[in-house]
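The structure under discussion is supplied below as structure tokens; questions concerning it will follow.
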Amino acid sequence: MRLLFLGDIVGRPGRNAVIERLPALRDRWQLDCVVINGENAAGGFGINEAICDELITAGADAVTLGNHSWDQRETLVFIEREPRLLRPVNYPPGTPGRGANLIDTPSGKRVLVVNVMGRLFMDALDDPFAAVDREIDSCPLGQVADAIIVDMHAEATSEKEALGHHLDGRVSLVVGTHTHVPTADHRVLSGGTAYMSDAGMCGDYDTVLGMQKEESIRRFLQKTPGPRMEPGLGEGTLSGLAVETDDRTGLAIRVAALRLGPHLEESWPRFWD
Amino acid sequence: MRLLFLGDIVGRPGRNAVIERLPALRDRWQLDCVVINGENAAGGFGINEAICDELITAGADAVTLGNHSWDQRETLVFIEREPRLLRPVNYPPGTPGRGANLIDTPSGKRVLVVNVMGRLFMDALDDPFAAVDREIDSCPLGQVADAIIVDMHAEATSEKEALGHHLDGRVSLVVGTHTHVPTADHRVLSGGTAYMSDAGMCGDYDTVLGMQKEESIRRFLQKTPGPRMEPGLGEGTLSGLAVETDDRTGLAIRVAALRLGPHLEESWPRFWD
Amino acid sequence: MRLLFLGDIVGRPGRNAVIERLPALRDRWQLDCVVINGENAAGGFGINEAICDELITAGADAVTLGNHSWDQRETLVFIEREPRLLRPVNYPPGTPGRGANLIDTPSGKRVLVVNVMGRLFMDALDDPFAAVDREIDSCPLGQVADAIIVDMHAEATSEKEALGHHLDGRVSLVVGTHTHVPTADHRVLSGGTAYMSDAGMCGDYDTVLGMQKEESIRRFLQKTPGPRMEPGLGEGTLSGLAVETDDRTGLAIRVAALRLGPHLEESWPRFWD
Amino acid sequence: MRLLFLGDIVGRPGRNAVIERLPALRDRWQLDCVVINGENAAGGFGINEAICDELITAGADAVTLGNHSWDQRETLVFIEREPRLLRPVNYPPGTPGRGANLIDTPSGKRVLVVNVMGRLFMDALDDPFAAVDREIDSCPLGQVADAIIVDMHAEATSEKEALGHHLDGRVSLVVGTHTHVPTADHRVLSGGTAYMSDAGMCGDYDTVLGMQKEESIRRFLQKTPGPRMEPGLGEGTLSGLAVETDDRTGLAIRVAALRLGPHLEESWPRFWD
């Protein structure tokens, strides 16, 4: 199978990059499954139903979230009727929506997508390792799921790498999100799981995390409140990774970074061209 | 000028990679200045004088530190007689050693190297932005210094990017360390400063941050104490970045990621070959 | 001298308790100086000019703030013309207002009031110990100031106790604020400085930190957004401490907790009755 | 029933105060149940079997722990054979020992003791609210347990107060530990649960949290390593609270602070004399 994962979409530049380029990429590379983190899609803060629909129309099979899940209040409601939108699975019982789902892809495959949030330097949540273990135990790779994609929304590289190795051999991909900076450590771990500490963001990179520089910098220099943070206005760059899995095992065979757009060194899965 | 920066050396695999490969690289690319972060060089925890000497002999013009600066107590003493070893500049007054130094390179250039530590999710320290501003105000680029390299040892990408843009046009390079994962966002910012959120580590990447996987994972699963963390035993990979500056301005012209060794996608400054 | 310090005023119950009771207490005990922390006076979030005036009219010689200093944007402006309103002294240079002031009391004394913020589990700020040292060095007790009151707005008891002992013998009083719970450790330290880890709040104690219980509890159970937090509606309790100093040295002779109102065990300075 | 709770014992001064005074107090007040937090009993760091035995011999029916549970490695072993020693109940599954136990008292009562750890500014653990709910659901007050005592080992007053109100009417006592400073907010909440944000420590109060002042202060001024922290050497003070419950309901009727020894204002349950 051919999987594509795109990191946190930040505002209009991120959305435009996805909407303009994803349909052609999906077609050109015959992608089986596309997952996008959309926690900053609405002006940098959360997601709304119209934007979620747009991303699905553009080719996302699932959209994941993170610590910004509920920045738009309507998400608490529409997530209940949108099974393709996932919020972290280790939120407390009773949280609206779901944290994992077995997605049927257009090519007839079943992909388990899990969104989970780390705890280091993040909100107080229940154990992400145990939460993901429960999900994949009930939907094992190669038996129920043809592929398993885990979006680990977390700050600390230690927690992300530890989860990657912990799940190595049991899932197709562990990919981090949240830092909005792509890492250059994409690889297939020794057990066959593809791994990347952070997918980076889809957005304007001439910014601080996708948001305009001036106010972002000012908040480090001064401790006074200022204007609302706004997304950058420049052209958005796509950032994420491409994974090819073995159809028999669901494990990864090869992986490549995807970076298309200004500011970053370009990269794409040449093995699919 | 041709500058090379290498990220946190972790244990013997990291040291060996540097010692075996740096002399040839320095020669092959005619490097003017090499700076290495060595905060984890001694078994993952700090640095000692013998190792610091080894790194300088191998070709480092300066060695920077971070939150692990004092893991080896002898560092508190020998840093006073080693002007090429720098600890974060925003440590309190009275801290042994220095946080910035104007280094004379073998090629006759003067490079201001500044080591500074971020505050988000880190120790309580004084303002890193103000601290770096003071250093570069007293040693401006193009007047006193031929190049200025700032090692921002920090956790959060927001703080690193904000410092990068804050210093853009006033220093040659702002490069992050501490996360032990190389980022893929190396670039020249609009004002002419080279930037990369994290240089990654020099060490064994089949680990968690350079330390053996089993105990690192266990500490996320259990909250009980365990054996001391030990560095991985596999072959080390070099990770960092290469920057070429304009001799007239000291600003960056081009930048390339350096990744040589197993596990990571290889990269080097082809423009120097 | 007779000093009274009252902890964080939370909303209308806290303001009412102060306005209704302070004038009589000031008169009854012949107080020389009254300092009140007002960071939550405006509906739990910051302070405005009208409320600040009310507190001064009710008998406050100075009003201190904390991490909620700027919750009401107007405070950034009116603090410049209100020398009796103090914000943490270790905010960055350029922050509006002042962090310390030598107050002339109605009884003809001069009291240095310093507001400082801790760093453990709080915002990233510059060293509070160094910042207070600078203020008292330039205005020493018994020479320039007849009394010195330091409001240490901080979370961690370790940082508060350390500052208390650090300043012992050099100031009249180190009192903590921010936790909204009075501590029972008021005493005169061995060097003559009165100390209390937290003055508690002036507000409705049948709440969580002065704010209504239901939403406060819900936010620990669920990670979804909810209604705005509102102060409790019950009767407010005064909480703080009373200090008597030696007129010759400015150091403390005796100290008593002040707790007047429902829910808490009553306490007041019986030595003044 | 008559319950006594004593806060974190710190080193020898704390142990001596308990051993010398508890037997007489137990006898004088005809105490039904005594619970002591012992997480700092062994030189400030954890507990060992000999000390645990000493405390039980002195009159403790149960000993609770906290973030220092495993500072002495032997605790991982002997806790399995000591049902009166409790560690936080919300540690991960597989953690040695137990977090709650129904204790048979000498007077023939059954008291459920629960030790739980907060998450604000503490280790990453699973939800303390849910963990305590599970324990008391399986051992309800007035049905299975004659009294229920919850030791909430936590930093933030918000989390402690929220747990107090959350459990109000369902347990006899919610008492905080960990800050080593007694609070003055002991009371019976509206639903009948006794509450105190922090029991304070049993130890030498002329210190920082029970540890010698000089090194504690130095660590706030300098970021260099220093000598190991050692407990104070002065006379220890007992700190905690006394609760009388209604035998029919198990809820609290009255509560009083206990503070016996130097430095703190003395307090004891006069209603029992």
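When the chains are written out, they are named A, B, C and D in that same order, and each has its own residue count from 1.
FYI, a contact is a pair of C-beta atoms (placed from the backbone, for glycine too) under 8 Å apart; a residue touches a chain by one contact, two chains touch by 3 or more.
Chain by chain, the UniProt names read as follows: A, B, C, D = TIGR00282 family metallophosphoesterase.
Quick caveat: nothing in here was measured; it's all calculated off a predicted structure.
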Touch-network distance, subunit A to subunit C, counted in steps: 1
Of B-D and A-B, whichever chain pair has more C-beta contact pairs: A-B
Where subunit B and subunit D are represented by their mean Cα positions, the distance between them in whole Å: 46
Distance from the mean Cα position of subunit B to that of subunit A, given in whole angstrom: 29
Subunit A: positions in contact with at least two other chains: 92, 127, 130, 221
Pairwise touch network: line, ring, star, complete, or other: complete
Complex contacts: residues of subunit C adjacent to subunit A: 70, 73, 76, 91-92, 94-96, 123, 125, 221-225
Contact set on subunit A toward subunit B in their complex: 121, 127, 129-130, 155-159, 161-163, 165-166, 179-187, 189-190, 197-198, 200, 205-209, 213, 216-217, 219-221, 257, 259, 263-265, 267
Residue ranges of subunit D in contact with subunit A within the complex: 92-93, 119-120, 124, 126-127, 130
